[in-house]
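Okay, so subunit A shows up in both of these, paired with subunit B first and subunit C after.
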Partner chain A sequence: MDTSAPSPFVNGETLKTFLGRRVRTVVQVQHNEGGVLLGLSTDGHQLTIRGASGAPEPPHYIEVIGIADSSLSIRAESCTDFGENFDGVAFNGLCKLANDKYNYLFL
Partner chain B sequence: MYNGGDHYDGNGGGAANANSLFSGGGFMPSQTTNTPEGSGGGITKTRGAQTLLPLTVKQIMDASQTNDDKSSFVVNGTEVSTVRLVGRMMNKAERITDVRFILDDGTGRIEVNRWANETSDNTEMGLVKDGDYVIVNGGLKAFQGKRHIVAYSVRLVTNYNDITHHFLYCIYVHLDLAKAKKSATQPQVTANASTWNQAPPPNNQVPTLSASGNAGGQELTDMVMNVFHDPVLVNLDHGVSIAQVASRLNISDAVARSTVAHLIDLGNLYPTIDDNHYKSTLNG
Partner chain C sequence: MASARLTPNGVGAALAGDTNLRPIVQVVNLRCVNVDGKGTPRSDRWRGLVSDGAETCPAMFAGQLSDLARSGLIRRGSVVQLDEYVINMVGGRRVIVVLNLTVLLAECDIIGNPVITPESESSNQNNPRVEQFNGTRQYGLAAGNPSPTRPNGNVPVFQPSVSGSSLNTPTRLSDKSPVFQPTAQPSYRPAPSYKNQGAIAKNEAPARIIPISSLNPYQGRWAIKGRVTAKGDIRRYHNAKGEGKVFNFDLLDSDGGEIRVACFNTQLDRFYEVVEVGKVYVVSRGNLKPVQRNYNHLNSEWEITLERDSSVDLCPDENSSIPSQQFNFRPISEIEDTPTGTILDIIGVAISVSPSTTVQKKNGTETLKRMIGLKDMSGRSVDLTMWGDFCNREGSQLQEMVERGVFPVLGVKTGRVNDFNGKCVGTISSSQLLIDPDLSEAHTLRQWFDGGGRDASTQSISRDHTPSASRNEVRMTVAKIKDDGLGMGDKPDWVTVKASIIFFKSDNFCYTACPTKEGDRQCNKKVTKGTSGLWVCDKCDKEFPECDYRYLLQLQIQDHSGTTWVTAFQETAQELLGCSALELVTYKENGDPRFAETMLSCLFKDYLLRLKVKEETYSDERRVKNTLVKVERFDPAAESRYLLDLLSRLVASY
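And now, the complex of A and B:
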């Protein structure tokens, strides 16, 4: 059992608090070209995802696990297609709770 | 959107044996009883500690082990043995007798062991591979100080909202357990979980209009609630109208309406056929 290298849930707002660390988020694909993907975070920020080869077409949601390069970009280590029917609002609510009031359950 | 519920719920899952394992109506802890001080170190024991609890790996890491028996764990002051985790499968290793893998739920990683007792067990494990999101129901064990899960079922996540739902449920159950613990330490508050969903009794109002220190407001809300609990009015099909409240208490319609609105916010009243008729939540 190991909790030394977590990958916390983030949205566009909380990404900046984990710069240089591994995070995971869900974005809705907007544009995908040459391994650089533009995605809309569940709280409305446009994020740049590098290394997201093989990502699905818009308007699919993808989960990205990777390193937070900057406050608006992630270097992806893995991407999972979450389909078109993912509930971004619920995920955004979870991100807020997991980073704020109940972060002791997650980090 | 959430039609993956049958996939997520233990009672509706594909594994038939899950029903017998998790019978007890889901995994919300219920019927908590307090053990006497000393015997269990003040730990709240749930019915048989078999209630299925949704947890994060971080919570398992933070769980303490009970003094008398190192094999049982305590989360939120509640004994826990059966858990549900949701995360990604990693390092899957298949052997003749069992399948081992690491479950990474983002808060941490934990080893999971699934014994292959039946052919169906192998079939189930054949459906999942490294990188897949899986729902694991299993027993929490410790061996030589290392915590791991002995899985009863490992199922592929097909509706990704189940992941969000699981973690929100972890928070919800955590709060529910904290609430149970808090109420157990307050003798005047009943520890019976079955009363939590009911509206507060009318004479036990939380501060209402008197939030600003106005004691008269408190009396007014009590008086208005008493009107709604009047045996003569209780059985009216459409509930009690604002005009009836006003005439009974000899107050203006505006005051009656604002008091009723406040009681609606508190969950003590609800509207029936229109904005002029209301019933008490205690009367159904």
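And now, the complex of A and C:
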């Protein structure tokens, strides 16, 4: 694992605290057209993912690793299909833990 | 010599009726008298004189103390503390009947100069000594210490009113005057009336009415007056003496004393029709026996068995000085910390009623069961389990009311606390269920419920109803089962481990079982192949060409902390492997590869395994046995949520 360039777990809420930095999140694909993807974060924000060519169709979940462009968009470096069967609640709980009191336990 | 301080005027105060004094006295005379117990071998009784250093008085020692006297632990000179005693009139004299005592000094010189009167001396009421006792009644009395004759944990809901018309003397309600009233010495006593008809004169005056709480087996003639609060059905029994029938009824008197009365055979015929619930009777004469707490939860230490010369007389003009029922309602929240088996009264609003279901009892017979959800102002709710006839009587009525949207108040008299998926309360045969009773508690509850209590959130103390996420499952690691010494207690421990199966013992995974059915229940005992080539069941004493195969599967489980052996029986093993024992046996006999595949498919996969952990003894060797009671396939999403919940609680606690 490359620890020199960590990509912290974020959800829609915590994305804005990492502007310009590399993050990692999971969204459910809502709409995918011409390399611009609209996805619903696990805490209910609509995020715009650029450069997500080859991403699966709705309602698949994808993991996106990329740079936080703005508080609601990510420039993707990689996308991974997580399938349809994914528990957003658990991932959201993980994101909260990773950005909370004990964030030093996470990369 | 250790100093012995006798209670000053202990004898006088005790004779005057203070049964809570627990005086320290010296035995200055002791002798054995033989008594003829009815139907029992001759037994010895001990009587003598006790002294407080100045005065003496005759004492009789209860049968259970005979051993102490016989073995010499109590002898002339012993200094004892009288823990429990009653005062009786014997031949015109007051006698301390000692029920329980503590020996403080086995041997001691006679202290002081007690007036030792020969025991045979017959004194009467006008004896100056007795006068002296009366004159010094209040000596040594702690002010403001109203003295109930017997500690009574119950706070009666109905404060029994002191009725002037009542013949008995209330001994416990005279808070105003701290004067001790003699326990068994009420003010009213019919004058003796002796009929001179033969060689033996017999006192045929009606026996005096005494409070139920002061009944004891050392009185021959007594009468009590109480209201019938419950009447049992006729039960038929069969024992070594032959067949018989019996019924019970419970009496409550104006002092809050309760007692159960049993009528057998002839007495049943005499009194069964006479006794009606709610009416007041004077019961006189009968045999007092120690109460059997398994069946009787009244506040008396005795039970009455009526005999040939007993009488039960209706008091038609009785007013309301005796309440019709005595309740000791406890808030539901208190049940949480109440040990299993406790008998108590609760009252709550019925918020849910389950349909009746049929359940099988241990003896194979069937009974009805119904669950009622009760909530009260304590913010807790509890499941009331109704059994048998209650389901169709009160249960149906409650169900109909709840379905109509009416939530009735339900009072439960004599419920039993059970520990089944959390605490719940079950009915027993002597339970009484009261729907919308006319009680102040019921009215308060109704007001609370209608005024918002309906929507108040309550927490159930019966875990069955809580969602599975928060169910109080004890999650453990495999190593912790051993480290914490689980299963060593009286009851099994129930734990859940997340583990994978690493080994199946595949040679003896099942046993040959008896297929005989008794009702819905299968025998399931192990059968062996007899000489005839048929399967033989020793229990059923039958032979069969075919037998059943039931799982008895040994497997090894492992998590990150260690490994352990677990036994899985029929249902759980079948659920785990996904095929029946018979199928697996067939695969094995036919060399079918599915035999190995079935087991391999379960190896090294994660499961949530619920285990019953209990120490058992096998041929003098004790070891902790883990039994698989439930298998759940591991669900990563549910597990993640479980961990998140665990973490958030952990974080919150720091």
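We take it that the second predicted complex is superposed on the first by the 104 of 107 C-alpha atoms of A that agree within 3 Å, B and C clash if a C-alpha of one lies under 4 Å from a C-alpha of the other, contacts with A are read in each partner's own complex, and residues count from 1 in each chain.
Definition applied: a contact is a pair of C-beta atoms (placed from the backbone, for glycine too) under 8 Å apart; a residue touches a chain by one contact, two chains touch by 3 or more.
Not measured: the values here are computed from a predicted model.
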{"item": "Combined model on subunit A where subunit B meets subunit C, clash or fit", "value": "clash"}
{"item": "First, second, both or neither for A:3, with subunit B first and subunit C second", "value": "first"}
{"item": "First (subunit B), second (subunit C), both or neither touched by A:78", "value": "first"}
{"item": "Which of subunit B and subunit C A:102 touches, first, second, both or neither", "value": "both"}
{"item": "Partner chain(s) touched by A:29 [first = subunit B, second = subunit C, both, neither]", "value": "neither"}
{"item": "Between subunit B and subunit C, more extensive residue contact with subunit A", "value": "B"}
{"item": "Touched partner set for A:87, first subunit B, second subunit C, both or neither", "value": "both"}
{"item": "Colliding stretch - subunit B into subunit C, listed as 23-31, 41-49, 77-85 or 113-121", "value": "23-31"}
{"item": "Subunit B/subunit C common contact set on subunit A", "value": "87, 90, 93-94, 97, 102"}
{"item": "Residue numbers on subunit A that touch subunit B, as the complex places them", "value": "1-4, 6-9, 24, 61, 63, 78, 80, 82-83, 85-87, 90-91, 93-94, 97-98, 102, 104-107"}
{"item": "For the subunit C and subunit A complex, residues of the former touching the latter", "value": "636-637, 640-641, 644, 647-648, 651"}
{"item": "In the complex with subunit C, residue positions of subunit A that touch it", "value": "87, 89-90, 93-94, 97, 100-102"}
{"item": "Partner subunit A, residues of subunit B touching it in the complex", "value": "1-2, 56-61, 104, 106-111, 131, 133, 146-148, 160-161, 164-165, 167-168, 170-171, 174"}
